[in-house]
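In what follows, a structure is listed as structure tokens, so that the remarks can point back to it.
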Amino acid sequence: MLTKNDIAKRIAQEVQDGWYVNLGIGIPTLVANYIPDGMEVEFQSENGILGMGPFPVEGTEDADLINAGKQTITAMPGAVYFDSATSFAMIRGRHVQLTVLGAMEVSATGDIANWKIPGHMVKGMGGAMDLVASAENIIVAMMHTNKRGDSKLLPACSLPLTGVGCVRRVVTNLAVLDIRDGAFHLVERAPGVSVEEIQQATAGSLVVPDQVPEMAL
Amino acid sequence: MLTKNDIAKRIAQEVQDGWYVNLGIGIPTLVANYIPDGMEVEFQSENGILGMGPFPVEGTEDADLINAGKQTITAMPGAVYFDSATSFAMIRGRHVQLTVLGAMEVSATGDIANWKIPGHMVKGMGGAMDLVASAENIIVAMMHTNKRGDSKLLPACSLPLTGVGCVRRVVTNLAVLDIRDGAFHLVERAPGVSVEEIQQATAGSLVVPDQVPEMAL
Amino acid sequence: MAITKTVRDAQQACEGVQDGMTLMLGGFGLCGIPEHSIAELQRLGVKDLVCISNNAGVDDFGLGRLLQGRQIRKMISSYVGENDEFERQMLSGELEVDLIPQGSLAERCRAGGAGIPAFFTPAGYGTEVAEGKEVREFDGKPHILETALTADFAFVKAWKGDAAGNLVYKATARNFNPMMAMAGRITVAEVEHLVPVGELDPNEIHTPGIFVQRIFEGANFEKRIEQRTVRPAQS
Amino acid sequence: MAITKTVRDAQQACEGVQDGMTLMLGGFGLCGIPEHSIAELQRLGVKDLVCISNNAGVDDFGLGRLLQGRQIRKMISSYVGENDEFERQMLSGELEVDLIPQGSLAERCRAGGAGIPAFFTPAGYGTEVAEGKEVREFDGKPHILETALTADFAFVKAWKGDAAGNLVYKATARNFNPMMAMAGRITVAEVEHLVPVGELDPNEIHTPGIFVQRIFEGANFEKRIEQRTVRPAQS
């Protein structure tokens, strides 16, 4: 079973040279830690920076330089700042090659719910609806089940949607799964996790090929 | 009867402190020459400058600094450059207080035609359609009649339109006229020009008040 | 000759703000917010405000200060966490909240300033955000029609500015400020450094002065950091 | 780590341009045009092009060079004077011309780059530009629906740029370049000065590198002036 850092590590393997990548809050943020040195990848944060670097060295924080999670950050050489309209022009206009974000639920048709639980305080969708409606390549990073042990990979989302038919791949603590033709297709198992465990934890239609390799991390 | 420079001089009297002004090609361009020193007025050129100054001193021309007429210009202190989308955001968003432009025909309902003569080479509307569709305050600067002596102030335009119901005031070599309620309202006569001459040169409905003062230039 | 927009201070800048008005306020979280104008709005005690702002501040800073005095009737935002008083007022129904996708919020403000009354975007299609909105397909993909936002007053914060209202922002403190500056009937800019006209390079200005009606230099910006994240200094 | 976009020269930058493609070309008049890319397109001899450009150059410079070789099938522009060969081809029906208001042209390119498939504008309502287009009233004022423009290749010209594709324009040579950079499937930038990554202040970049796929430094820009207007030196 993968840790959150392992999930990030596995997703980092999806990133290709020359890609602009938007990482959501939580596990997705960790992906940046596992990009190989020398790989030409730039991170976009929707509040207005391309070329986001690591957290600042203590004492050099700048209140004017934050990421979408409102954390203090740094800028890499070649970075650029821009306004929010331009930022979402990049996202909506499909200039960002990969979006990684968390989810509460994902459906077998690629729907995603990650912003609202009826009856609970609703904080808002932030940029998530723009991101999922536009990105060509969306990977969801999440635990396979919720705190009650219920599957988060469903035939249909029960929570209010963030986007429709947009998720292409899900990486969980148990598996890598692709979404197509109305089903989850098992691609890889987490080390030590059996196909049966994955089947049990997946409520939506699951297609299991003959060979399901274990992830190489 | 006014010269082209006189027309510009008369229009300059319309300009108020604190206004951003867009001047079209031809007579309108001359308006800038008659703004009193010390008046806070900035000229916008739709190709991307606010705070346009006079032509450059010989030898200091810069190919990168032109106006919408493609003439070399200078920038005043406080000037700013921007892209064409932002430029027309200013125009469409009604941030420019006054637009002065030329016309081939103006109708008594405020329609304007100034871009196309069927059968002749059509060069295009440039920014004129955006300007007339958006500006709150549009003054047309033109000769009262065309080269054949026909009135350019008509019941309805005969040429393809640039904009509909948008012109508020016309300043010609003969008169200042306001457009409202489907008629030209005579406001001022050019020095030495009689009301009868203006009536004769105006094909559209003309309302003449009891008193028609002569322009003070 | 450049048009002078300078006012003395936040008090003069906020003249004319009245109960029931719609305000835009720049900033993302607490980054790049017009903190002096917000303090003055609190002092003025204007009520029943509709505030368009990406976030709602924290309990004692940013828009949280106006929430304390129940000055806000409605918030139009994309994300409103980090504020207990906000949560209390929202859950009790005292505060109306309109949540819209962040990109649509930014684009709707720009549209308002640019004279574009409506545009199509894919964001929110198939979600509750699309309810009651026109849906149309372009290239086989459904989009929803979103309308422009404008405000009686827009309050923005910049790093540098001049008397002509030209503004330069710093780093990610730019965020929503440029579009909101465009969309205010009266736009008030507070800046860290008010420089003489002509000092800003005309190539490097982010907000042309035409969008700004009033400008003042604020003293002692607090510029609070919401999430201080650091790494240790390397030895 | 920054993504490298540098190519050797115009020849490498234009690889993949084919007959029948839609191209965008920045510039206003002859100001800020991608003159090296145009020269290369002429050398390549690609034909049947659809060119989106505010103007069409003069007889022997700018897009006029592609008109000479009858490489252009259709021009989408706002103003096309100053070019005899253009006039000849247009009147003879060899060249198709789509004239659109300048502000709509700029906004349609921006929309294409920003994933906005369509928007409403008042420009052109009641004129032949509105023919066949949807009309809708907002606040009692009629607007027409305009759609986004995109291109297979966009060619832009900047003053300074770096290997990451970040661009800075000079003065009014900015014009259509930023929006066209956004709207090209492949955007080629030619710059007067290619500077090391990290040298451009990230606050002062006009076109973020994400919009640019190829960049090269041009040698010996001609930068022809169309209307040289001057006043005498004062004594």
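In this document, chain identifiers A, B, C and D correspond to the written order of the chains, with residue numbering beginning at 1 in each.
Note that in this section a contact is a pair of C-beta atoms (placed from the backbone, for glycine too) under 8 Å apart; a residue touches a chain by one contact, two chains touch by 3 or more.
Because the structure is a prediction, the values reported are computed rather than measured.
Chains making contact with subunit B as well as with subunit C: D. Centroid distances from subunit D, each centroid being the mean of CA atoms, peak for A. The interface with the greater number of C-beta contacts, when A-D is set against A-C, is A-C.
The distance from the centre of subunit C to the centre of subunit D, with each centre set as the mean of the Cα atoms, comes to 32 Å. The mean-CA centres of subunit A and subunit D are about 36 angstrom from one another, to the nearest whole unit.
Centres computed as Cα averages put subunit B at a distance of 28 Å from subunit D.
Of all residues in subunit C, those that touch two or more other chains are 107, 110, 114-116, 121-122, 169-171, 202-203. Across the assembly, subunit A contributes 49, 75, 81-82, 85, 88, 91-92, 134 as residues in contact with two or more other chains. If touching chains are joined by edges, the resulting network of the protein chains shown has some other shape, matching none of path, cycle, star or complete graph.
Pairwise, the chains that touch each other are A-C, A-D, B-C, B-D, C-D. By the touch rule above, subunit D contacts subunit B in their complex via residues 28-32, 54, 77-81, 87, 90-91, 97, 99, 101-107, 109-110, 121-129, 159, 169-179, 206, 223-234. Chain contact summary for the complex, subunit D toward subunit A: residues 1-4, 110, 112-116, 162-164, 166, 182, 197-198, 200, 202-203, 205, 208-211. Residues 18-20, 37-42, 44, 49-51, 75-82, 85-86, 88-96, 134 of subunit A touch subunit D in their complex.
Across the complex, subunit C is touched by residues 107, 111, 114-122, 136, 138-139, 143, 147, 168-171, 202-204 of subunit D. Those residues of subunit B that touch subunit D in the complex are listed here as 45-49, 54-73, 75, 81-85, 87-88, 91-92, 111, 121-130, 133-134, 160-165.
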